[in-house]
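Pasting the structures here.
Here chain A shows up in two complexes: once beside chain B, once beside chain C.
Up next, the complex of A and B:
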């Protein structure tokens, strides 16, 4: 296997420093936290899609499902914040187990369809269940305290989320580089050969599905605590699509790609108005101002461009340039 | 440019940008769905209406320029809440105007209360906004689902529709609509013969229509909205349900009737807080709006205009943009404009004004484009919105 070119290590440290300093550089902390939650979600998805080649179309159920359970535990049962988040992760693992056991027996599009179908069950359950509040959402989730630390302050919460995010990212990176991760990549490249070498591919696939589900749940649980509410958007299939978009735009199967993708997409969602007004003033073309009304169209256009121009996403394209070596086609 | 100069230039531009931001203008933050499923009933049309209001008010209040900032929340509550917080904490926005989608409004309300700024809800209809989730800074200006459901039910019963059958969208919203209407039907001496639940986004209503017909009820209540309601109306017509039953819509907009068309929608009863052709004043305003948008305004877009006007009047009367003082002024105010007459606010923030039971015209009765409704009855505000105690807001004591 040829050595994959890598993003230089100082870039990773630079990004970390930037993330630490960001709230003092004018980044709005809530936006930063939302970005990190989606980045964590995209990394979890990438673990499955990027390294194992399993495209799940049902990750929203894990993300939103965990968010709802955490919200329920914190509002109705009065649990402490860490316990609530832990319960969210456990529920995501449980949903992931059911989904994984059924889905890993199938390949390609059938795998995706099984995950989508099961996720739709979760969506319709959340739509009708009493505790979720239907399309009004679950409101008023308290942030509470973490080991005596009051989380009401946006900045304190920001650093808590940052620590959780960096630790999870590092852990996922370790998984990919472990012998377990090597087998996953082997499965993704040639499953029959991996089986002939004596590995039980389905167990590995189920294992990575559960890991991915757990981290997706962690991201969803954190997000509901950060925002203070949980709504149907997070369990809707379009969120599963959004995480695929983030991962593809950033770079499937790269360490930093999903993070970059999540940052780009969340900033676009949030700042489309500012960007469109800036472009209008810069060029004097009024048409740019109307972009504000079509953030989803801009997302779509970016997706098309990425698929046509850089198949490996932004980080993948940069890595090829820096590393020089050509990565074999997947 | 050398790097140092470049940095200096950048810093200067940034500095200038921040200064321009903190300028002494009165800012209105409009957060709604500008591009998704609800954008036709509010969205860009609402934005145009707000600009008309700012223009009609003279562009400034208390000697300060009035500025509009808008944001497309894409029906995501977390985007709406994060932007609301950013508007209030960093951009110095003085009033938040909440557009469609109740989840986003419910997410924004506590934030506005935290920053003590008025939050005027026009587009969202969930009654809990001024019920269990009410705050001293939330105003529910145009309508809520309770008023529309109660209004239609009580008025249709008075016109002889005693026995009802409900076609209900199978989720919390549909069930609460049905529940509100059914309560009134039972209280006013009517009878609910039966109901059937249809999944959200169903395209085939045939079996539900046959069940409704078999029930022999006089009225088919549509406890659904948007595409579901449009499909139900069309299929009720195709299956001949409309020959034996009257249709009553519990949440319908002018744009729904426009897209279904008069041949299918004729005879349908619905309640609306405002209709463009209800009087000379509303008609004059709607025609100005039509010139810009090439469509007649819905009751939400007109509500956006009226809400901004009322807010600006309150600011002028209070002599300040301080949220608490402006809210006190809005609570005292009687609103008389092209939108409502004698409108007044309950302690919960619910604006009480008359509602109108309308019947959709037949194609022969319709004299001009967008001429869709005829007035059946005016429903007094308190009757439509129902008793304050039913909402369960802690401010109503």
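Up next, the complex of A and C:
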């Protein structure tokens, strides 16, 4: 049956086992959690962009907005951790609703511009508002407990995040492969035709925008709990750019691509010092040491390389290698 | 053929930046008929279809479907009423299988369009019905083939199967035989005749032999206006119509 080529299932189980064992194999749990939060964020972005072609430039507002609200609920209002996270998700849904209603009727760059403009409003609000702590950020967010389980230990927290992440990933995968997902695919392949079959296309686009917003909010809320602080970086437009980068590098419209992209970019940002020193020692070229200060340039270079080498990101390229029939290009 | 009117327009007009693409058009389509809309290139036929299916808003005029004024409706809602259009260029979902294509036409009325939490598996209950429509258009052999891999004539047939899955009362077909080889034209014509049983068809068509064989009534448009209306024999003998087509061929010669 000539269907889309796929990554074999054992790869998925292998990755899961790796993630379970990682803290015992020397992965610093906080780095692992950071990766998972960004991977979840990238999967949420991919749910929208990968299956509808709508490229949002405003996802930072959903991610950071949820992070701030969760942080506020846990620090100032003394809410429990799950309730705080839930509130973060609800706020992301609310911001997503406003963004989606205004944006889904636009196409291409105009869609991106509307989302960016609305995200900038959220950014400037966070910059001005008292509760966010302005440039200093919101500090000292307590992890609290989850149904009686204390989350202070990084390892415990790591597995909680892993469970939330895997469940969310599985659910987003289900959305893509649901009856709703079929209609979404129809809308993205031929919107006028789908409308002529009685579907109000904008409603479906709004629906997936909201789902994406909810998961982006979950990612942001989790991250603020994991890290214990929330700063303006998360609502800044560069974070919207970062999630686009992660998704495109890993593979837009693939299940595993956004995860891979998020892991690669997070590691690069975190370990740039080590990597640049290693390259300097290896080659003796001093210039490599300066790379540490220009992470965005390295990200840009990786992006260009990936776009040139693999049209559909790293996972897209692997998928083609693993075979299955070739699908004509979009 | 009954005498009731299924679709009627009054003074339908559309201006694009001052240019009148459709001007004061009154059309009546009788229920159960196959009605052709013809005219030289740029006469406004596709614009008319876009107005009728509400993909465009008219500058003025009204549209009635079964005496219900649909002038202000959304295109998706017009489709739900039972008036489903096709497009001048074949419109399939290329990266979906033939079966999936037809199922899109069935999902909404089966209440299987919003469910994002259930697996695609639940759509299997629509498979039998979808296969019947594929069978109807002669595409039952490879239901799991991707639509992108079909030859053009088969894409048109698939499009028709998807349209029929909506169980429309009125089909608007924009040049269903355009770009097809001689044999495919025969097949699609035969297919339209067959699916028109118990339905109404309004079709834009350039192929006169197709029109003469299956159409009950013909409306001729020129420069956005209705030039003539009647049976094929009537309009074909109309000197104004002949002049319009002559004019077109003369222009083509000079072009």
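Here, the second predicted complex is superposed on the first by the 327 of 330 C-alpha atoms of A that agree within 3 Å, B and C clash if a C-alpha of one lies under 4 Å from a C-alpha of the other, contacts with A are read in each partner's own complex, and residues count from 1 in each chain.
Assume contacts are C-beta pairs under 8 Å (C-beta built on N, C-alpha and C of every residue); 3 or more make two chains touch, one makes a residue touch a chain.
Note that the structure is a prediction, hence the values are computed from the model and not measured.
**Student:** After aligning the two structures on chain A, examine chain B and chain C and state clash or fit.
**Tutor:** With chain A aligned, chain B clears chain C, so fit.
**Student:** Between chain B (first) and chain C (second), which does A:148 come into contact with in this model arrangement: first, second, both, or neither?
**Tutor:** neither
**Student:** Roughly what angle, nearest 10 degrees, sits at the C-alpha centre of chain A between those of chain B and chain C?
**Tutor:** 140
**Student:** Applying the document's definition of touch, where does A:136 land relative to chain B and chain C: first, second, both, or neither?
**Tutor:** first
**Student:** When the two structures are overlaid on chain A, which partner does A:207 contact: first (chain B), second (chain C), both, or neither?
**Tutor:** second
**Student:** First (chain B), second (chain C), both or neither: which does A:284 touch?
**Tutor:** Touch status of A:284: no partner.
**Student:** Could you look at A:198 and tell me whether it touches chain B, chain C, both or neither (first, second, both, neither)?
**Tutor:** A:198 sits against chain C, while chain B stays out of touch.
**Student:** Considering only the touch criterion stated at the top, classify A:30 as touching first (chain B), second (chain C), both, or neither.
**Tutor:** first
**Student:** Least CA distance chain B-chain C after superposition, rounded to whole Å?
**Tutor:** 34
**Student:** Give every residue of chain A touching chain C within the complex, in rising order.
**Tutor:** Touch list, chain A to chain C: 1-4, 171, 174-175, 177-183, 185-186, 189-190, 192-201, 207, 211, 327-328, 330.
**Student:** Any idea which chain C residues touch chain A in the complex?
**Tutor:** 53, 55, 74-77, 79-80, 84-87, 91-97, 100, 103-105, 107-109, 112-120, 122-123, 144-146, 148-149, 162-163, 166
**Student:** Within their complex, state which residues of chain A touch chain B.
**Tutor:** 28, 30-31, 34, 124, 127-128, 133-137, 139-140, 223, 227-229, 231-233, 269-270, 272-273, 292-297
**Student:** Can you list the residues on chain B that touch chain A in the complex?
**Tutor:** Its residues touching chain A are 34-36, 39, 43-44, 69-72, 74-79, 81-83, 85-86, 90, 102-103, 106-107, 110, 126, 128, 133, 170-173, 199-200.
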